[in-house]
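Letters A, B, C, D and E mark the chains as written, and numbering starts fresh at 1 in each.
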Amino acid sequence: MSDVTVTEAQNERELMLSTSPHLQSRWTTKQIMWFVNLALAPCVISAVLYFGFYQLLVIATAVIFAVGTEALIQKLTKKPIAVMDGSAVITGLLLGLIVPPNFSLVSTALGSIFAIGVGKMIFGGLGYNIFNPALVGRAFLQAAFPVAITTWTAPNYAVDSVSSATPLAALKFDGVSTAVGPLFFGNVGGSLGETSSIAILLGGIFLLVTGVANWRIPAAMTIGVIVFGGALWLIDPSYPSPIFHIFAGSFLFGAFYMATDYVSSPITGVGMWIYGLGIALVLVLIRVFGGLPEGVMYSILFMNAFVPLINRYTRPRIFGEVKS
Amino acid sequence: MKKQVTLFTEYTKGVWDQNPVFKQVLGMCPALAVTVSAMNGIAMALATTFVLTFSSLIISLIRKVIPTQVRIASFILIIATFVTIVDLVMRAQFPALSKELGPYIPLIVVNCLILGRQEAFSSKNTPGRAVLDSLGMGTGFLIALGSLGGIREILGSRTFLGLQVMPNAFDPWLVMILPAGAFLSLGLMMGFLNHMNLRKKDREERELVARHLQEPKMSLEHGEEVKSWS
Amino acid sequence: MKFKTFPGGVHPPEEKELSEHQPFEIMPLPSMVILPLSQHLGKQAKPLVDKRATVARGQVIAEADGFISAPVHSTITGTVKSIGSEPNSSGYRKDAIVIIPAKPKEGEELPEDVSMPPLDPATVTPDEIRARVKEAGIVGQGGAAFPTFVKLSPPEGKELDVVIINGCECEPYLTRDDRFMIERPDDIVSGLRLIMRALGVEKGVIGIEINKPDAIASMEKAVADQPGLSVCVLQTKYPQGAEKMLIKAVNGREVPPGKLPLDVGAVIQNIGTAVAIHDAVAKGEASLTAAVTVTGRGIRTPKNLFVPVGTPLKDVIDFCGGLTEDAAKVIVGGPMMGVAQYDLEAPVMKATSGIVILNEEDVRTQEETACLRCGKCVDACPVHLLPTRLARLAELDRLEEAEELGITVCMECGSCAYTCPAHIPLVQWLRLGKQRVIQQQRKRKANAA
Amino acid sequence: MELILIFISAAIVNNFVLAYFLGICPFIGVSNKLSSAFPMGLATTFVMVITAIVTWLIYHMILVPYDVVYLQYVSFILVVASLVQFVEMFIKKVSQPLYRALGIFLPLITTNCAILGLALFIVLKEYSFVEAIFYGVGAGAGFTLAISLMAGIREELELANVPRPFQGAPITLIVAGLLALAFMGFAGMISV
Amino acid sequence: MKIILSMLATLSVIGIVSGGGLAMVSSWADPLIAANKKAATEQAIFQVQTAAKDYKKMESVEYELYKVFDESGNAVGYALPWEGNGFQGKIRIMIGLSADASTITAIEILEQVETPGLGTKIAEDPFRGQFEGLPADPQVDWVKGAPPTKENEVQTITGATISSKAIVAIVNDGISQLRSDLASGEDMAQGGAQ
């Protein structure tokens, strides 16, 4: 009969035992995280193209300190060092991409340390944090160094860029509005990664197509901004138009990379819609009525706080259960 | 001799072992609100200690005549009286400081540290002990507010007690003197102190275990239990 | 094109091509058979024979004990070697009767095979069908091995309106039901008619996933001139074959937690069960052979086989050319819900539908990380639970909350664990939590009583 | 419009807990379960509205006309305490379920600085009677929002792996700090 | 009954003692507090009108307004406390004006709750100093990110544009109110040195 008999097989190696299911999907935490890093590549490239080599230093600093802090804390708390899962790299990259060009390296490092230390590890590390770590880092920097972090420089290749102010600040504080063209291609002032919509869309669509990022959140945010922003714009056209809302500032960046962070967003489908719409509403309110020119960061952080409640109240109806 | 020691610990317990802020989590509002600088923290702590000590004194003096039903009301009345005195004196003599501490001075009235001590201690002890206890708690409060204020001032404005202590190259972290900074600093401080305490406790436990292990009569079951500790 | 289905579920690689074009083969008699007394859900059967007794193929060697139970027949002619605890493909050792084939001495007569008289499917009465199904010891072939005659005896007053034949075969790898539908469509239809007659139902539906076009064509042809019967084509998705999901897809009804399909007017039977019922009634055959798919990249020649019940797994494996060098895991049942085997002496049972042998590449396990709260498990859960939370609650032993969030509704399909990128053993935690919760519920009930 | 702004300002922009540090003690003490935090928030809102009404009346009808403003702390706290006591008794008589939901919290709230703080701010900001009521409702809504969010987060954190030294009060304070950071987005929204 | 009496008695005794004590302290403190307040106002007036030696509160307008005089008793201008909304809340400032209300002599921040280290820079000299001798004609204007080019302009503080603009708005608002009152013929000139 056969050359390898069952008895031989049993003698040579133990059969594996485990409970069902015996299949696992091919996705792993590590793979997902590195996909996100890959998706950020166009933004990194465009940041360096637009703002110069120094920006690479800023981004590198952010990444190195994020990863370093995580490794250090894991070592100190005698946990396995798991920085190669890539999530700290994401946090670092994102933080590096949302600080202004020419931001001080010392402050960038401080932001990274805070993002990972207080934004993530204090809650128990990957998977347990309530707030988006990169945004926690950035919010800390904004509160610590509000002047430095709102000082923008014009991109290198700006042919005809609108001063050094970001389009949103220009609109809010000087009443100058920016055409959609420059907004789309990145000839505007702004933080490293947020300026070129094309680069962001490239990576963002990659995330959506591969299924890494959940499409519901960006969809809800876009719809929300169009509805809420559009309503105000119709009431008073001197408010920014929905198009402007979408392409100015860090809306796209936030929608694709930051609001979609699994850990700090809801786990239920309905919850994701509520979360996205909530972000859009708060964003429009801050942009239109607030004292700050940009609100993507704050609106996401604000909604992060609601996530536990959203999860709780959007728990799906159990199959076959009748709601009383 | 023994009595003296207890009187002494009556004072010292509040300084550290039962520190009102770090250990009992009482009086958090002033601890967070006024500690934008060390000076403010110290002033608030002194004002609180004053109110605490005098109301403790009065309350322990009259503790036997107050009917239990109106206990709390009487306490609050007495406390409020002393707070008003502090407030008026500060407004009259230290207008600048009074402006800085703002409405947080009157709020000493409802500081649960004060009411808590009256309930838990002064209304049950002799005036001498009540005063010592209050002074101890006051000192503990002072340490907490002073250190919190100090840290926030150094990082947030480069100064300590108004004197510049950090180099000019250091960009002050504005966040430290904002509300968020207050919560974060206190949270991190408490976590750090807990960590030290836990470490100490673990070490003591381990020493205890080690001592036990050396004893020959140790049974095996104990040995197994020990393993799970380390 | 979208076909009918239910919300949720997952879509693992189908892997059916390994065996879907292999027609059924009949496996020769094994060197011995191990016949567990409990091959079904419910009470274990009571043995009727003693050690060293000679038994004939088809003879009842253990009788049903109680209502939810089933008799066991000898599947070969031979001698009872022993009665006692034996390995079992459920993973636990169970009581079984071991029979070795008789080696007839010169001139000795072997007992004749025992069989029941065939009945005419056109005239048989409902009571006769039930009696025959019970006598034949038929149990559900869909996995749970529930005694079939119980399902055919609904309590008084239940309004039934449809019988659904489950041809989904949503487990990856397995192709047994697929082959049945291709090779024996008319017997399936006959079985379905018998079930409908037993239950007094006018409507019969055969649900088949779209990944089995040959089976769909074959069944559609078979029901073409049959009033009341139809084929319902379903989307390929796991666990489309779970009865709640199937009912939802076929007629939109939802079986409430803790209720049975018959509470929404439906009875579901597997393709194999329908064939078995036809065989029992029309041919008088008891449950003696199991139709089994032997497949996976860990076996040399994947096959679809008719195997005498009780055959040790190793004999079946050897018949299929043996294990490959890198075979790593032997699973009885499908890879999503089946049981991994540690002892290949364990026998094929009445309801065994497949033996799947995975190789090292297939079973490569991923490192577990903390939950990322990605929500993929929530999207996947066909009964709309929050697997991530329930698993964590079970892990932390917070059973009250788990109960409140419906842990007992979990049908352990494993979709959540399959989809989880953090590779958390979700269903394993859920299973544990569910058991503990049910224990507590029992205790509470006992205390209340 | 002015009234709505006062409401939003007290509820979100200048949230009592997150910006003024008032009512920290219940915020930390009663925020571990949503099922108690939310009623606590409602009860506090309720007491705040009463406080706003009563202290405004006392201040403008008694203390100022009779020139005994120095009695404000004493009188505010006493009157609020007795009123709450009275309301508690009233609720107990009228509705048992409501009493069970709110009642246990009421006595705790009286000795909470958010209440006295509200009274003092109303005096300090020279609000009119109607403005004072809106301010009270806003402050209560803000407190309810903050404590409910915190409770939701803390229930979530029970499933997390917070390092041991940070469990309890420290992590609560840190979350409060991060919440305060998030709420900073609303800075300048009202007064521009 | 007895208990209730004793409850009442205790509370009343405490209340009376406390009220009496407070009345005493208050009678001592009140004049001092009032004096502190007056001193603060006085100080602010002299800070915005460096030439002033004396001032008088104007009773002819509904808002607070001080007319200031030099050594020789000549009216040199006005000191006008005015308020408006800043970034976080109310800002109250003292505006010093020349006698014809055309030029600002100086301003002083009385109350503000802006962000420390950011909005609070409005009280510091680089910003505040710009108002010294600033012609408010027709009113004050602001520029951002560059030194002023016109006489009546001030440059906003980086990172605190909102607070800076708020100050400019408060100044303009106060001045226009004062001017309209001056123009409407209120006899502002009356009332000489105290």
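The working rule: contacts are C-beta pairs under 8 Å (C-beta built on N, C-alpha and C of every residue); 3 or more make two chains touch, one makes a residue touch a chain.
Computed from a predicted structure; not experimentally measured.
Each chain gets a centre from its C-alpha atoms; the one nearest the centre of all protein C-alpha atoms is A.
More C-beta pairs touch across one of A-C and D-E than the other; that pair is A-C.
Comparing the CA-atom centres of all chains against that of chain B, the greatest distance is found for C. Averaging Cα coordinates per chain places chain A and chain E 46 Å apart. Chain geometry summary: the mean Cα position of chain A and that of chain B are 40 Å apart.
With each centre defined as the average position of its C-alpha atoms, the distance from chain B to chain D rounds to 23 Å. Distance between chain centres (mean CA atoms), chain C to chain D: 61 Å. Residue positions 370 of chain C each touch two or more of the other chains. For chain D, residues touching at least two other chains, in rising order: 70-71, 74, 161, 163, 166, 171, 174, 178, 181, 184, 187-188, 191-192.
Taken residue by residue, chain E touches two or more other chains at 18, 22, 25-26, 30, 87, 115, 118, 162, whereas all remaining positions touch fewer. Listed by label, the pairs of touching chains are A-B, A-C, A-D, A-E, B-D, B-E, C-D, D-E.
Chain contact summary for the complex, chain D toward chain A: residues 34, 148-149, 152-153, 155-157, 160-163, 166, 171, 174-175, 178-179, 181-189, 191-192.
If you check the complex, the residues on chain C that touch chain D are 370, 389, 392-393, 396.
The residues of chain D lying in touch with chain E in their complex are 14, 68, 70-71, 74, 187-188, 191-192. Against chain A, the residues of chain E that register as touching in their complex are 87, 115, 118, 144-145, 158-159, 161-162. Across the complex, chain B is touched by residues 3, 6-7, 10-11, 14-15, 18, 21-22, 25-26, 28-30, 32-33, 36, 40, 115-118 of chain E.
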